[in-house]
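The chains carry the letters A, B, C, D, E and F, assigned in the order they are written, with residues numbered from 1 in each.
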Amino acid sequence: MTIYEVGVVAQFEAAHRLVGNFGPAQRMHGHTYRVEAAVQGRQLQADGTLFDITRLQSAINGVTSALHYQNLDEVPGLAGRNTTAEVVAQYISEQVAPALQGLGLYQLRVAVWESPQAWAAVVQELGT
Amino acid sequence: MTIYEVGVVAQFEAAHRLVGNFGPAQRMHGHTYRVEAAVQGRQLQADGTLFDITRLQSAINGVTSALHYQNLDEVPGLAGRNTTAEVVAQYISEQVAPALQGLGLYQLRVAVWESPQAWAAVVQELGT
Amino acid sequence: MTIYEVGVVAQFEAAHRLVGNFGPAQRMHGHTYRVEAAVQGRQLQADGTLFDITRLQSAINGVTSALHYQNLDEVPGLAGRNTTAEVVAQYISEQVAPALQGLGLYQLRVAVWESPQAWAAVVQELGT
Amino acid sequence: MTIYEVGVVAQFEAAHRLVGNFGPAQRMHGHTYRVEAAVQGRQLQADGTLFDITRLQSAINGVTSALHYQNLDEVPGLAGRNTTAEVVAQYISEQVAPALQGLGLYQLRVAVWESPQAWAAVVQELGT
Amino acid sequence: MTIYEVGVVAQFEAAHRLVGNFGPAQRMHGHTYRVEAAVQGRQLQADGTLFDITRLQSAINGVTSALHYQNLDEVPGLAGRNTTAEVVAQYISEQVAPALQGLGLYQLRVAVWESPQAWAAVVQELGT
Amino acid sequence: MTIYEVGVVAQFEAAHRLVGNFGPAQRMHGHTYRVEAAVQGRQLQADGTLFDITRLQSAINGVTSALHYQNLDEVPGLAGRNTTAEVVAQYISEQVAPALQGLGLYQLRVAVWESPQAWAAVVQELGT
């Protein structure tokens, strides 16, 4: 039983602040966010791909370009939520998942790095 | 069924030597060790976090700061063992796991890079 | 139930072109390929290793050195296939897997990065 | 005529916005800033150092820790200025230069990366 | 006498082969090229910039996007030359220098990395 | 007046300890050392190179392979000196400089990174 995966890396630069008991992270600050998104499936297609990686790049870039140079706490869909790295990863995952359903991919993983030293990730199932 | 993960990166610089049939690694040498530690769970808390990442950073830094600028073969808990990357990863994992029990996290992964070209990792279960 | 992993990173620089509906990737172009290869098992040996990492390095380097400074589309075993990152990862995985059978390792993962922004990976089972 | 240099890398995560004709950078956003600071001199001391690198680290960390998790546009010394990468580099350089005068070092270079793709740097003379 | 610098990083993925006594580099192969381009000047403008970094990014991206997914030996301006990293750096430098004249910048540096282990650079004067 | 440069990156993993007022660095410890070596000249040769980069790689690798998996304080040429990053850079520079004389190169720069956060460099003149 072999598993195949393709993944892409994207980036955006944004401000945010956390609400709650988060010490200095309660202040307005920002990050150069690095996003890794990967899909998994069990079979390569005849053209040697699991999935056209440029479609994955487009899907991710569509989301990250809307977050770039923004205050995350004002972005529709994130406003009113605590914009932890977990929540940002979940948001990106939810935004791109619909375009990845029914394509033979069973899983999507989105990791969001706030810095080179800290990340959060979400792994969700896809309908193959 | 969604999985959430948070992870941190730490570093320490240490000497060691291996005992056994390890060629040049039997000589005293050293590495800039990079440590990646991640925990996984199935549910975000109300504040949008899986787990307070600063607690994970503190737990890991507590261990790595005790290894920094040391000869690993003289560190209590490692002395007398072969300080392979696997053993160092296992040691760090065992040191931090107790503080991560009973917090809704089901798994801990610790990866130890001896150089940008070689790593070992340990994945152990946690009691949620 | 603990899992152990060791991994190595290798590199090669090669040309290729894709056949099919791949836009500019249909033109002759090239990449500095980064390869990550990791094996997993459930038990450390008495010497503190899962598996001698220098044997994994040798196995991977044997394959990547044969791909270095080549046109992938002319390499025996790849010629006639579409040299997507998925196929290159599968090829490397198939080349090194035989040397990793029967050694207590249950899984091999090979990831191939075409650039710092795009990768494909293959995970295959090994006979322990 | 030989030149010696020692350098350190630091980091901080902050928000800011630019004033003027800067397109999307006029919106509140943020970066994971990477700072490289280096000093140059013409002679090593008897202990084999140009300059105690831990003193350089302390000087830089003193400045970057005050910028960490802040809105740069509200930091005294930066408030009221346009917080371009050039200005941030100049600010850091001016903050640390006094502690580096009269120590046999003739030059200080501070580079500030707003992202892995864009940096600004300032090179200023020191009194040896 | 203070010096200011701004720099950007770009990337392209291309094939080429060298002509002459270059061993395996005489075969068709390829690289993920990383380009660093920086300009230097002696004075910041009133808006806190040395030079609008988005103009530098546009100038560089204009050149690198024309090299992306190409065989460098067939690109007009490079065809018929030996596409060493030095020559590629010189080519990029010559392409972007005209747009950088007369803007108070006295120097342009273009570095071209063929891999994370090897680079060539060209430093040329600009008319301020 | 144009300047050309070619550079290579190498690596070695070694132990050492400092003698003097160096705090924890007085203990036996180690690093994954990263070495950057670059030469500069004013003219490209007819084959489009400043200097055959594989000769520079060989020269550097000759030195770094002799330091790999060693205690630097026992290496002839370093034993008896304080193995600061400055001294290690100077040692490497002195070892490779003779092979680079009389080749149209006027300068050699060797940088030694003890970790991703700290480096020392030596710039020495070459006879062209």
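We adopt the following convention: contacts are C-beta pairs under 8 Å (C-beta built on N, C-alpha and C of every residue); 3 or more make two chains touch, one makes a residue touch a chain.
The structure displayed is predicted, hence computed values, not measured ones.
A.B. asks: Strictly by the touch rule at the top, which chains does subunit C share as contacts with subunit E?
C.D. replies: none
A.B. asks: From subunit A, which chain is the farthest off, judged by mean CA positions?
C.D. replies: Centroid comparison gives F as the farthest chain from subunit A.
A.B. asks: Note the rotational component of the Cα superposition from subunit E to subunit F, reported as an angle of 0 to 180 degrees in steps of 5.
C.D. replies: Fitting subunit E to subunit F on C-alpha atoms yields 120 degrees.
A.B. asks: Using mean Cα positions as chain centres, tell me which chain lies farthest from subunit D.
C.D. replies: Relative to subunit D, the chain whose C-alpha centre sits farthest away is C.
A.B. asks: Centroid from C-alpha atoms only, then distance subunit D to subunit F, rounded to Å. What do you get?
C.D. replies: A distance of 25 Å separates the two centres.
A.B. asks: Using the average of all C-alpha atoms in each chain as its centre, how far is it in Å between subunit B and subunit D?
C.D. replies: 32
A.B. asks: Need the CA-centroid distance for the pair subunit A / subunit F, whole Å please.
C.D. replies: Whole-Å distance between the two chain centres: 41.
A.B. asks: What parts of subunit A, by residue number, touch at least two of the other chains?
C.D. replies: 116
A.B. asks: When you check every pair of chains, which ones turn out to touch?
C.D. replies: Taking the chains two at a time, the touching pairs are A-B, A-C, A-D, B-C, B-F, C-E, D-E, D-F, E-F.
A.B. asks: Please give the residue numbers of subunit D that touch subunit A in the complex, ascending.
C.D. replies: The touching residues are 11, 13-16, 24-25, 27-32, 68-71, 114-116.
A.B. asks: Quick check: in the complex, which residue numbers of subunit F touch subunit D?
C.D. replies: My answer: residues 18-21, 23, 81-87, 90, 111, 116-125.
A.B. asks: So in the complex, which bits of subunit E are touching subunit D?
C.D. replies: 1-10, 38, 44, 47-50, 53-54, 57
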